[in-house]
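Quick one: the structure is below, and I'll ask about it shortly.
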Amino acid sequence: MERQALIDLLELLYSQKIDVDQAAEQLRNIPFHDLDFAKVDHHRSLRVGHPEVIFCQGKSTWQILEIVRHQISADETVFGTRADKQALDALKSEFREIEISETGRCFWRKSKNWKPKQDVKGQIVIASGGTSDAPVVEEARLSVEILGHPCIAIQDVGVAGIHRLFAHYSQLQKASVAIVVAGMEGALPSVVSGLISSPIIGVPTSIGYGANLNGMVALLAMLNSCASGLTVVNIDNGFGAACAAVRMNSLSV
Amino acid sequence: MERQALIDLLELLYSQKIDVDQAAEQLRNIPFHDLDFAKVDHHRSLRVGHPEVIFCQGKSTWQILEIVRHQISADETVFGTRADKQALDALKSEFREIEISETGRCFWRKSKNWKPKQDVKGQIVIASGGTSDAPVVEEARLSVEILGHPCIAIQDVGVAGIHRLFAHYSQLQKASVAIVVAGMEGALPSVVSGLISSPIIGVPTSIGYGANLNGMVALLAMLNSCASGLTVVNIDNGFGAACAAVRMNSLSV
Amino acid sequence: MERQALIDLLELLYSQKIDVDQAAEQLRNIPFHDLDFAKVDHHRSLRVGHPEVIFCQGKSTWQILEIVRHQISADETVFGTRADKQALDALKSEFREIEISETGRCFWRKSKNWKPKQDVKGQIVIASGGTSDAPVVEEARLSVEILGHPCIAIQDVGVAGIHRLFAHYSQLQKASVAIVVAGMEGALPSVVSGLISSPIIGVPTSIGYGANLNGMVALLAMLNSCASGLTVVNIDNGFGAACAAVRMNSLSV
Amino acid sequence: MERQALIDLLELLYSQKIDVDQAAEQLRNIPFHDLDFAKVDHHRSLRVGHPEVIFCQGKSTWQILEIVRHQISADETVFGTRADKQALDALKSEFREIEISETGRCFWRKSKNWKPKQDVKGQIVIASGGTSDAPVVEEARLSVEILGHPCIAIQDVGVAGIHRLFAHYSQLQKASVAIVVAGMEGALPSVVSGLISSPIIGVPTSIGYGANLNGMVALLAMLNSCASGLTVVNIDNGFGAACAAVRMNSLSV
Amino acid sequence: MERQALIDLLELLYSQKIDVDQAAEQLRNIPFHDLDFAKVDHHRSLRVGHPEVIFCQGKSTWQILEIVRHQISADETVFGTRADKQALDALKSEFREIEISETGRCFWRKSKNWKPKQDVKGQIVIASGGTSDAPVVEEARLSVEILGHPCIAIQDVGVAGIHRLFAHYSQLQKASVAIVVAGMEGALPSVVSGLISSPIIGVPTSIGYGANLNGMVALLAMLNSCASGLTVVNIDNGFGAACAAVRMNSLSV
Amino acid sequence: MERQALIDLLELLYSQKIDVDQAAEQLRNIPFHDLDFAKVDHHRSLRVGHPEVIFCQGKSTWQILEIVRHQISADETVFGTRADKQALDALKSEFREIEISETGRCFWRKSKNWKPKQDVKGQIVIASGGTSDAPVVEEARLSVEILGHPCIAIQDVGVAGIHRLFAHYSQLQKASVAIVVAGMEGALPSVVSGLISSPIIGVPTSIGYGANLNGMVALLAMLNSCASGLTVVNIDNGFGAACAAVRMNSLSV
Amino acid sequence: MERQALIDLLELLYSQKIDVDQAAEQLRNIPFHDLDFAKVDHHRSLRVGHPEVIFCQGKSTWQILEIVRHQISADETVFGTRADKQALDALKSEFREIEISETGRCFWRKSKNWKPKQDVKGQIVIASGGTSDAPVVEEARLSVEILGHPCIAIQDVGVAGIHRLFAHYSQLQKASVAIVVAGMEGALPSVVSGLISSPIIGVPTSIGYGANLNGMVALLAMLNSCASGLTVVNIDNGFGAACAAVRMNSLSV
Amino acid sequence: MERQALIDLLELLYSQKIDVDQAAEQLRNIPFHDLDFAKVDHHRSLRVGHPEVIFCQGKSTWQILEIVRHQISADETVFGTRADKQALDALKSEFREIEISETGRCFWRKSKNWKPKQDVKGQIVIASGGTSDAPVVEEARLSVEILGHPCIAIQDVGVAGIHRLFAHYSQLQKASVAIVVAGMEGALPSVVSGLISSPIIGVPTSIGYGANLNGMVALLAMLNSCASGLTVVNIDNGFGAACAAVRMNSLSV
């Protein structure tokens, strides 16, 4: 459509219905996003398969319901993260078709047009240190799935019982991309980075107490890893890790 | 060889020269790295095309020279990072064949067997905010090159003059993976993440003064980016970003 | 009145009803605020057009009501910030004439004498990174308005979709003063500073999670901006930014 | 010139020498900075009256000399900040026409075309807490002067001897914009903000020791000021304060 | 009594009822607090005029009531700090004779033996920056009073309206010891230290928001004061300031 | 069992029912924890005398009940830490046999097989600075007891009344290992380290307010102790201190 | 003199040589420091017995020499702190009459008019934790002496060997004011506060390494002391502690 | 001797040469360290087998030489830590009998009376993450040896190549006490704690750069370990770890 606006303008000029000065003036007044530039945004929409992820933290239940009503009426894929129990209950009672993960604090409904990416060859593996990291693992896992990529999760393989990790060694080695989730001392991504050759995304969690500084220690430990190939996202940011993993995995087309 | 040790043991059992108990006992005494496990390490060597990167910070010039002498006599590829001027001068005067980047604080010599990766399809793009970030850009660029991947660098396109970035828009869009280097407020990776759909690695630098906290502000700003698809490495860690980028780019085979 | 006290004293001396020593003694006993010095305070009252802004955070609903009752009985302009829902509800039910912004956590009533500044030429523009910054934007916008200066707000133009900002480029360029509000990585003020030549006031917000350190990262990022012309206020301090913007805009008389 | 390129293209279309598709294609290939957008940058140059400020910290003496040689040969106005003694000595011995401030760690040469802003009505006042803040005061004062605005400095009027400040009360009241420089507890800007009605820019300095955290305490104290109308820049950032003050003072035209 | 135990032992030796070895052995078994050393503790009780201050934070209402019951039954002076509303209400309903300050979060009952110190010459003055500092002022004021020293409080004389402080100049000058309470930027103690020659105790409060770091900024600002004669206590520690002031004022006997 | 799997495989080879290549392949597919390695974990279970400690913080009452039901039905020793009042009440009402410490936020039931370690010679002594440290002391004391080691606790012997500590000097000297618990300034472990020659474990607590940074000050003070022989665990980590003390005391067999 | 200016003005009015309006106008133009107010400053000079303490840190040797030359030519008492070896050597070689403490980094010369305070009854005692704290002890001791108060120092009585402190128990008890200097864990002031009833000033030092955060840990530990009567100054601030101690000790007149 | 002083006093009383009051008075005047109390100190000397460890950091070469001269003339065992190259060179040239470790920054000479502890059964094992940790490992190893306990070191077994650690599994399992040294992310102690059942002492090192905060990240990671049995000492504190390990190992007598 926007491209059409540009074409229309140029055709007016070509047919000499406006002159060069008028055309130049109008060109400058077309907002940038009306030009090719805005494709970035559209491209993103197409790529992730849903128009908008709803980050619910700080939004009222009423606001969330409004957005979801709008998206469902337009038959868009719905995906929301960081929803509290009150919001999830309200969604469940109003929309039968919405699926919910209390652990992952997420909800979703795939539109009719949603389908998994078919040309992606690799599988994303999510590994976590302890059972308390489950909310972050679940947020990452569901995000990857909604974005259409294959994914498995291996939980509770923290470094204090390192043999548990080795029991899953072959699964890890097959990962196209690994998301490694850990709280407390945040050591698991370092160990995994030394075991496999794929890109690793470390996700520190706020799990712990006392001098864990709400996850800052796990975050900083991952950034200071002596292992190469490891990059890091914000504390508890399962969704962000999923987005980055999907960008990486899309290279394996 | 190590695999051979295992095979030998099994053959002794097969030919009934030892019994089951003896075999079980010996199996337990073979150190783990003598089993398949240690392949991880060998695999890493093969993958990066050089036996060891020399991290020179904290090493004496004498120690660096010793390592390089050993590597050259074995005709290995040599690559060193974070070398100060004294070390670079000493290397230059002793080894004619070693190349040097004062800006990047690196030195290298490719062995006869070194060759670029031939099955990699994507190009890694490095973008930086200001001219002062050059040492980190150079460390990243040289690391990528030694690791055998194609790479270009776009410097001085910081957010305070955002039009400079747009002049390189098409180059950025062609990136398989982007490494984005920035000091001070560390905003460039956020902007780039919104412009392209490839994975982005943010590298904060210690460039700045006063309340920049030696790069911590740039680091934390990148981790709190409102853009998705961005992951982050340690302050000034050009080499680490290169390793991660190469792992990602290897997915584009 | 206070000046009168001084005049009275001097006239007693002039008419020789007291002697020099008595005058000197009494002069020292007149508190400083009884002299010209206290005009500073009065001048401030006159300048901002209301006797007192009520900072509600930490005050009980009862205390707030008491202050408002007093101000309304004196037909003063009322303006309160950082009021929680309970206080706003109580105000609404007691005073019909009070207006309220739930988003901005503010309430106000203009006295009969209130009128917009008429000699001010410039317009203050408020830009924000995301919809979650709305409370701070609203606090700033209402503060500017009560202080009598013209103001518009442009919301949700954060750096992760930089084309959105450019769509408002001409509005920004017309700003006499720009207040730029951003949470998370706090990069928007840097970008705006490079686009326009007016003074920019950065307002970091506490929006974000994990390693955002409750807004400290956005604050520090703005202070380390590579762009010139940018100054910064405390986290979430929309009112403070408005006061500073009004001081600046008053220069455009 | 760039606008010309656009006009040329449109005229080709108007004269039907190219068709609409070709025009649309070429329009997309014109880099953004070739459009009106890049004027921002030129505008900045025109506004500040010199092509580039040289931030010397982190540059070698040789690099600084090279830049200055280039600027002088083009008869541009030269202005450098944060130069160490070695650089200043080298500049002095090579260029007779360059002026130098050891205290302010600055050097400058005004080109033939340089002249003070003539339509600016207000005067910028710089106040500082102690004599140790002199380098920052001097950097700010020289920056304001090179940018063509009138400026006076009042030094050593810190809060521990508050009467010293009052002795300069009338000078402060006449300020169009006040830059207030203070280290240690950083209290001076708060006091000044209560005394005058102009915009105040607080500049924390790294002066102090022990728990001053290299100026972070002064910085944070200013940001938490109970006085309104105060905005803040980075630690020791005299140049940044000058740029912001000049933007504000330009409103007084 | 304890001294008696020692005397008894020595007399047994003197009368040769035990020998030297037995005496040496028994001397080593007398716990230290049975010797003169324990007088320190008794001396403290005598000095402060009440057996124990009840720090209520973290204690249950039930625990507080138990302690108060015990003290009242022994006719001791009761003094409690940091009590929440629930505890104060419970105390009020059980004990008619207990007095309460909701603002200061304190309660007290003077025993029959309580009387003000009669040989103390100086008066302690408490000054505060804003009305929100009232709880800390009140805790300090009541503590000083219970400890038997004369005290006055001057509130809301913060540095953003410095003339308010000067109106109380003569009161401040008469202070034997000054306790200066301030939140936000914590500048008031610095200003007061320059005005009077008595010892000043700075009490930072947690009043403020955003980058005030819950009072750490006020605390650090006071510690970095450019004024001499100022010492500092913990955030919100009105009781601690009172204890220190009383120790100082006791020198004025 | 797992060992059996290995034996079975080897016997197949010995009896030549599989060949060497098949054996080698299968050996690599046996997960590591099926080998001797996993004994580490079993060994831990045996050592501590209970299958699993339940860390209740972050677990729902329902989840805790489920785990306890499972353990009791298997007649395992039950031990839970960091349980809130709701969980403790629920446990009490469902299981008559469970014992509870509200102060220590713990619950436990010893299985029929539980018995104290009989070959341990030393006694663990826990000392604490103040009565508010009681929850941490209690958690440590109960943990040591459940782990089967002898233990006594000496409370409220903080450094501000140092004679109280000396009254317990002989008890301290007899300690095989000392756990020293302190909040606020965290000085007690330093003093104890100078008095006795056994290993000391410092446990900082979050007791305090204002600039205590939730226990970080006590933690850092202990780590910077000028006394030797002192090691430190996380804030409020009574259970961790108990585990470490038990490992040390087990050397005294 | 300044008072005279006021008197002169009032006499002109009294003799009706000027009228009331003229007097009011002139009164407003007399700078504040010309009124009684400025006595504060003079009073300070008189009180401390020397016109200016030279804080040498950050001053060049040349600047220090200039100030000393000026003071000696005016026969003023000279006192300088934080002087490095170069400055001390230069002072020694130029001025025979100047005394020097290399340990305390101080120099001084008493003028002919200098004499100890004669009406002060109390003695200031300085205690320190270790021999490495000697520079701070010495700075404090010399400052107290130059300010004319009696003083003794007890060094190396840190808490890790607490019996060393008790050996000086009677000296401590006689202290009018105690300055307690300690680095590392900063525990000594807490212990001393429990032993004596005089005011205690804690001086944290930067002695230590690793997690001592350059003295911040000792500083924060002292502020969180569980002992009452303790106030604190900045890290290594021996001079500030001396000034505060002298203010306190002056109450004992 | 000191005991003798006590005995002498008691005998004077027994023989009635002094009376009870005189004895009581003299007993109170004997400094505490003259009583049994001071044995603590002597006991420490005996226990560690050398009179004093010289902590050289912050001491001049001249001061170190003086101490060593004194110790050698008294034929005491000499042991110094944190000595720089200049000091080591000076020691080497003056004392032939002194041994030196440049890596460990230590020097030592065993006196004739020195001998290894003979009743200690356990061996202390030191493991480290990387070769850069060697100085801390060496300081710990030499300290343990001088203190007379058996010790071995396993270096460069960091978590990024976890198989290297497993190669030393049996050595680790035989450790009586393990000292685990690691910089960067500090993960090694967590992994080791899960592998063995002995007490583990974590020693964080300052090895790393950027966001490692000079070792604070490694320190905090260790304190937040999800593994039990781990206690921690200050950054780079090899000597402190050795002292604690020796205290623990002494339990294995």
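Note that the chains are named A, B, C, D, E, F, G and H in the order they appear, and that numbering of residues resets to 1 at the start of each chain.
Throughout what follows, contacts are C-beta pairs under 8 Å (C-beta built on N, C-alpha and C of every residue); 3 or more make two chains touch, one makes a residue touch a chain.
A quick note: this is a predicted structure, and the numbers were derived from the prediction, not measured.
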{"item": "Chains touching both chain A and chain E, listed by label", "value": "C, D, F, H"}
{"item": "Same or different residue numbers at the chain G/chain H copy interface, by half rule", "value": "different"}
{"item": "Distance between the centres, which are taken as Cα means, of chain H and chain C, whole angstrom", "value": "60"}
{"item": "Mean-CA-position distance for chain G and chain E (Å)", "value": "25"}
{"item": "Euclidean distance of C-alpha centroids - chain C vs chain G, Å", "value": "41"}
{"item": "Numbers and ranges of chain F residues touching at least 2 other chains", "value": "40, 161, 194-195, 210-212, 219, 223-224, 228, 234"}
{"item": "Pairs of chains satisfying the touch condition", "value": "A-B, A-C, A-D, A-F, A-H, B-C, B-D, B-F, B-H, C-D, C-E, C-G, D-E, D-G, E-F, E-G, E-H, F-G, F-H, G-H"}
{"item": "Of all residues in chain E, those that touch chain C in their complex", "value": "132, 161, 163-164, 166-170, 207, 209-212"}
{"item": "Contacting residues of chain H [partner chain A, same complex]", "value": "129-130, 158-162, 184-187, 190-191, 193-195, 208, 210-213, 217-218, 220-228"}
{"item": "Residue numbers on chain A that touch chain D, as the complex places them", "value": "3, 6-7, 10-11, 13-14, 16, 19-20, 23-24, 27-28, 35-36"}
{"item": "Residue ranges of chain F touching chain H (in the complex, touch as defined)", "value": "40, 43-44, 47, 122, 176-177, 194-201, 219, 223-224, 228-234, 239-241, 243-244, 247-252"}
{"item": "Chain G residues within the chain D interface of the complex", "value": "31-33, 37-38, 40-41, 57-58, 204, 206, 214-216, 219, 234-237"}
